[in-house]
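Read from first to last, the chains carry the letters A, B, C and D; within each, the first residue is number 1.
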Amino acid sequence: MQIPILSWLVFVPLIGMVAVMLIPKERVSAIRWTATIFSGIAMILSFWLTWEYFVNYSDTAAMAFVEGPYDWIPTLHVEYFLGCDGISVPLLALTGLLSLISIIASFGIKERVKEYFAFFLLLEVGMMGVFVALDFFLFYVFWEIMLVPMYFLIGIWGGPRKEYAAIKFFLYTLFGSIFMLVSILILYFNAEPHTLNMMTLMQTAPGMTHTLQMVCFIFFFIAFAIKVPVWPFHTWLPDAHVEAPTAVSVILAGVLLKMGTYGMLRISWPMFPDALRSLSFWIAVLGVIAIIYGALVSLAQKDMKKLVAYSSVSHMGYCMLALAAFSSTQAIAGCMFQMISHGLITGALFLLVGVLYDRAHTREIAVFGGLGSKLPIYTGLMVFFSMASLGLPGMSGFISEFMIFVGAFGALNKTLVGIAILGVVLGAAYMLRLVQNVFLGDFNLERWGGLTEINGRELVTVVPLVILTLYLGIYPKQLNMLMSATIENMINLMAR
Amino acid sequence: MVQYLTLAAILFSIGLFGVITRRNTIGILMSLELMFNAANINLVTFNKFIAPETLTGQMFAIFVVVVAAAEATVGLAIVLLVYRNWRGISTDNFSILKW
Amino acid sequence: MTENAYLIPLLPFIGFVMIVFALRWKEKVAAGFSIAMILSSWVFSIIVLIETIGRDGAPYEAFFYITSFDTLNFEIGILIDSLTAMMLIVVSTVASCVQIYSLGYMKDDPRFSRFFAYLSLFCFSMLGLVIANNFFMIFIFWELVGLTSYLLIGFWFEKKSASDAGKKAFITTRIGDLGMIVGLLLIAGGCGTFNYNEIFSSVAAGTLSPTMLTTGLIFLFAGAVGKSAQFPLHVWLPDAMEGPTPVSALIHAATMVVAGVYLVARAMPLFESSATASMVVAIIGITTSVMAASIGLVQNDIKRVLAYSTVSQLGYMIMALGLYGYDTAMGEHSPGYYAGTFHLMTHAFFKALLFLGAGSVIHAVHTNNIQEMGGLLPKMKITAWTFMIASLSISGIFPFAGFWSKDEIVATASTHPVFMFFTLAVAFMTAFYMWRLCFLTFWGKPRDQHRFDHAHESPRSMSWPLAFLGILAVGAGWVGMPWLKAGFASFVYSGEAYKPHADYMLMGVSTVVAVSGIGLAWLMYAKQVISPDKMVARFKPIHKLLLNKYYFDEIYDFIIIRPVLAFGRYMWTFDARIVDGLVNGVAWLVMIWSDIKMWFDKWIIDGAVNGAGWVISSTSSLLRLVQTGAVQFYALFILASIVILAVVKYEVVYNDVSWPVLSIILLAGLYLLSLVSKSVAEKAKTAAAATATDSGEEEK
Amino acid sequence: MNEAANPGIVFWVLSAIILVTGFMVVSLKNIFHCAIALVLCLSGVAGIFVLLGAEFLAGAQVLIYVGAVAILMIFGVMLTSNLAGKKIIATTSNAMVAFFATVLFGGGTIVTIFMTDVWRYSSESLPIDNVMFIGKLLMTEFMLPFEVVSVLLLAAMIGAIVLARDEES
């Protein structure tokens, strides 16, 4: 019997949360370090898991590190069933990394520190859980668990319109969740014997009638699309991002958005291949709209965080485009790459915007200018990630975008993909506009003379992301090897 | 045997009546002792007539006696405390269960 | 050495990394290290060239896969053939000269070491671009040179115009790259590989349909259009002159901008299969050439004139390559390929020289405007002479390098009358504007005495590279003399060997054209026999059109940039108003609905509830009497309840009583309860009195 | 069997004493008199125990109840009430209802006793050496309850001391 590493991965943050709650709230630094240590343990576990998976399991498509299924609520056939494969392992590692980084980035939080870190660790539990759950009930529970801390994290520690943003986020996601629940129930009652086991349903669900598949598919799609977010379900995102504290934005962009695409890839795509075939064109259209639309709207933004937020819409549009091209290995692999690299890059961009916001207390693009001469390291990092975001070769964003284009071009309508490629130019336009207006040009010494260079703690949070972005951009082979067997299997499942 | 049981029943009823009606807290305690004794009579009776070989009834009675003693001690201590706080031990004084 | 050719791009990269992480604070060391690295690359390039000549230009290829998806392999590798070897030499030579030159030019710049870091990064990218063995890799470096170009144009980013120009360059070339991606997807995706040779053989085997190939090639060419600043994406290059002059020399004259030409040359086996695509290439080339040359006639900024000249010359090369592709597709022989690549090389040298010379001039007089210069010849001898050598070279005067390469281009165009006409027109215009520049700058009287007094010859770090390039500007063309048995043509030729022959007729024509151009310039600006002002007055509308560069910027601004920005803003409003408004509208509807429900709740449901509540509260105020708070009373109540329940149960179980009897019993129970309540009421009355008396007694 | 049917004259005498004194305990107005009546009543119960062959229990009854508890009560009375000799309303106003209910309860119980006509009498008799047997049982089978009850007593004792202690001292 091996160690139940996935359970540990999920529950270490929970233990951390309990530990944080046991510390008196005055002992702020003890709370911070406890949270850091526990999320650090989770991160190490997730990395170790990735390594183990890479070494031992990456050539098979089967679930690894499986725990269960153990009966949990036998009357409902609910099981405790965890497992991971090539598409969840990288996301687990990403979650572990970004959680730790976010917690370190949250050291600046001054008020209600104890609750903050407790919520954050709970959030990590939910995120980890979603990526390892193989039982629909468990999946749904983890999916909903995340909502609560997220709501409070935005609603308590957020910006001026935090309540609005928090409620909007909450309602939006809950709205989607309801559809998901209905769909899960349809699956449950259509399976004979009734079951909530994803692996079993993966085999039986494609046998459902076309109509039923369509219903389930669309319901799941709404739930996941809100999370991604796919145009036109995206309007919660800018508000939530702008109002949320920096670290929460990082998690939001880095991990939460991925749960939507992960859900599609894990659940709705392989389970309802008939429906997928009927709808793939429209999904691609939505993806292309998101790419262009997000980029155009980014171009008009005055607030840095909002710009990055809308660029997320655009970047996740690439994921949707890739998912629509479900028959192509390159596209699906590109989608995974895009998920990871968007997590890294956008996470870093939010961190960096947060760094500037901490010092200047504004995020308006127009008030800055010429910071390049005053803050060279900060500028270097920002330019680096802007370039990564616009898909410069040598960084992870390029690999993913290129892969997606290659895959989608072969599998989808060429004109559509051609329009999507326009997003590359628009991406360059809005990122360069940001860089130019903030970092280049005249420096307003009077107003910004007091700005200080990025400090050590903030560097610690950003540098790992720099390294990973470069690593994935220059040598994507290992990540690809990690995923390829699973992706092959996925494609076979979707081709049923 | 029914005679013993009847005696116990009557004694118990008397005790019960006392518990309900006595105004004096110590009186209530005394009535409680009556009820305990009624129960003990029952236990010993059953022991003698139904299951003499094990002596379980007597054992129980002994424990009841002990517990009763403990109860009396604590009860009286409480009464003393009440007395000190309320300057009286009439049950009219403390209807604090009603708020 | 060929096996280790990957070192050639890698060395400058090491330079970049070292400067950024280690040598940043020691400016001199940083610059020295960077120069040492590029010089090593230069030496290696020479060795590679020699070895390649030794192999008779046979290609050498080595690569490894970075990853593969499905059957599509992504590889990093090197391909050394004659074209690559030639490009390596060009790039490393110019880069070395420019870096040395920068020592002097950038001496007092606060970001001195950063400049060298960027230059090193550029050299890495550019050398990587030319050494690549597949389209994926070329695209990577293609983007990287774009990045370094962006960084270097905006090097003096405090200037708004500089950062604007950087952005413009990046985005404009990205538009071309977009086409390039599509082209790659069409061609490489269609063939299932990125590797040059595999694609070439695959296309030769007819994997792609002709339409697909043509479309793909035109899209691919869009990348070259962007990078090589061809019409209609040429607008970024003149603006890119905002960058430091060495950058203009290196990136925007000699190397990066010829990447597009290189791409076309590299993909020539494909263009050979598609006459349509080749024709498009040729037409774009000549259009650009004519347009840029005509704009160059009237510009007053020394660097902009050179920039337009660059664009024009690049158009030349592109045209030559396109015509070659067309001719070959038509089954005819053509020197175009040889002409294009040859001109690429010679142009790189003399244009770099021109830019460096211009930089030297600017360094001396601190202005870009040629109208404020004049008479600098005696003050800056080396600069002036090398500049004029380069001008002769670009004008195509025997025996300078430009003569040989331009002659081949003319030879290529000679079979196509229309092209021939425009080619000669461009040659004329080129000679004119170059010598207009020379005469205005170095001849005549100083037009701005203050600046003239200030002028001086540049330091040796700047003049020596000029001299070196001057030699190349003369001699680089000699390798391509038509009389050579194994000259440039046989070296670089990709297909069957082309034997260049000296066509004295064409040589004569082009020389006449060039000389007449120079002569006109001499008459107008040196002798001033013909007044330029009069000419301007006579051709006022045309002059204005040219001065404003055919209003390209304005047109783009009007039909592309503004609409896109406006569209973005509109979309944002749309997003905030409509999409989000929809969401909020739904929320609003829900609110209205809940208002209605609230009204209903308040008056109907709440009414019922309140009614019930009233009943309950009045009942409970009665029942409240029962809650005396006296424990004994509760005990009594429990007792009474036990008794009643026992009786009821007894009756039901043992006597099987009917409901009437039971109700009598219950009535009895109720009577009991009423007694209880009665006693309670009494108690309530007496309680107060009792406490009063108790406390009264206590006091006694 | 015979004994079960007819308990003999001593029983009736003891019963009378118990019931009368018991009723006195709950009804007398003077609480001190009540305490005296309680002593008598408990002594009567001890007698009943002797009749039932529980000599040890009878002894314990006398020692604990009569000796300790009742005296404790008397002390309690004297400590708490300076009205030891006074006459106040002894019963609450619920007396009538309570009487009625108790009579019903007791009557019901007695009726139940008499109606249960199949008592499963045992044919055996009590062990001769009653006390020793109880001692053995206490040390073997009822060891744990015994210990527990000791602890309980100790706790009660300490609790009583803590509760009754004067704050000043």
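We take it that a residue touches a chain if its C-beta (ideal position, glycine included) is under 8 Å from a C-beta of that chain, and two chains touch if they have at least 3 such contacts.
Nothing here was measured: the structure is a model prediction, and the numbers come from that model.
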Chain at the geometric heart of the assembly (C-alpha centres): A
Whole-Å separation of chain centres (CA-atom averages), chain C against chain D: 102
Gap in Å, rounded to a whole number, between the CA centres of chain C and chain B: 96
Geometric centre distance via CA averages, chain D-chain A, whole Å: 76
Euclidean distance of C-alpha centroids - chain A vs chain B, Å: 70
For chain D, residues that touch 2 or more chains besides their own: 92, 94, 98, 101-102, 105
Shared interface positions of chain B, touching two or more other chains: 16, 20-22, 91-92
Chain A: positions in contact with at least two other chains: none
Touch relationships between chains, expressed as pairs: A-C, B-C, B-D, C-D
Footprint of chain B on chain D - complex, ascending: 4-5, 7, 11, 15, 18-19, 22-23, 25-26, 31, 34-35, 38, 41-42, 45, 48-49, 52-54, 56-57, 60-61, 64-65, 68-69, 72-73, 76-77, 79-81, 88-92, 94-95, 98-99, 101-103, 105-106, 109-110, 113-114, 119-122, 124-127, 130, 133-134, 137-138, 142, 145, 149, 152-153, 155-157, 159-161, 163-164, 166
Chain C residues touching chain D - in the complex, by the definition given at the top: 630, 632-633, 636, 639-640, 642-643, 646-647, 650, 672, 675-676, 679, 682-683, 686, 697
Residues of chain C defined as touching chain A within the complex: 65-70, 72, 74, 136, 139-144, 147, 150, 154, 157-158, 160, 162-164, 166-167, 170-171, 174-175, 177-178, 181-182, 185-186, 189, 564-565, 567-569, 571-572, 575, 579-580, 582-583, 587
Chain C-touching residues of chain D, taken from the complex the two chains share: 83, 92-94, 96-98, 100-102, 104-105, 108
Residues of chain A touching chain C in the complex: 168, 171-172, 231-232, 234-236, 293, 296-301, 328-330, 333-334, 370, 372-373, 387, 392-394, 398, 402-403, 405-407, 409-410, 414, 417-418, 421-422, 424-426, 428-429, 432-433, 436, 439-443, 474-477, 480-481, 484
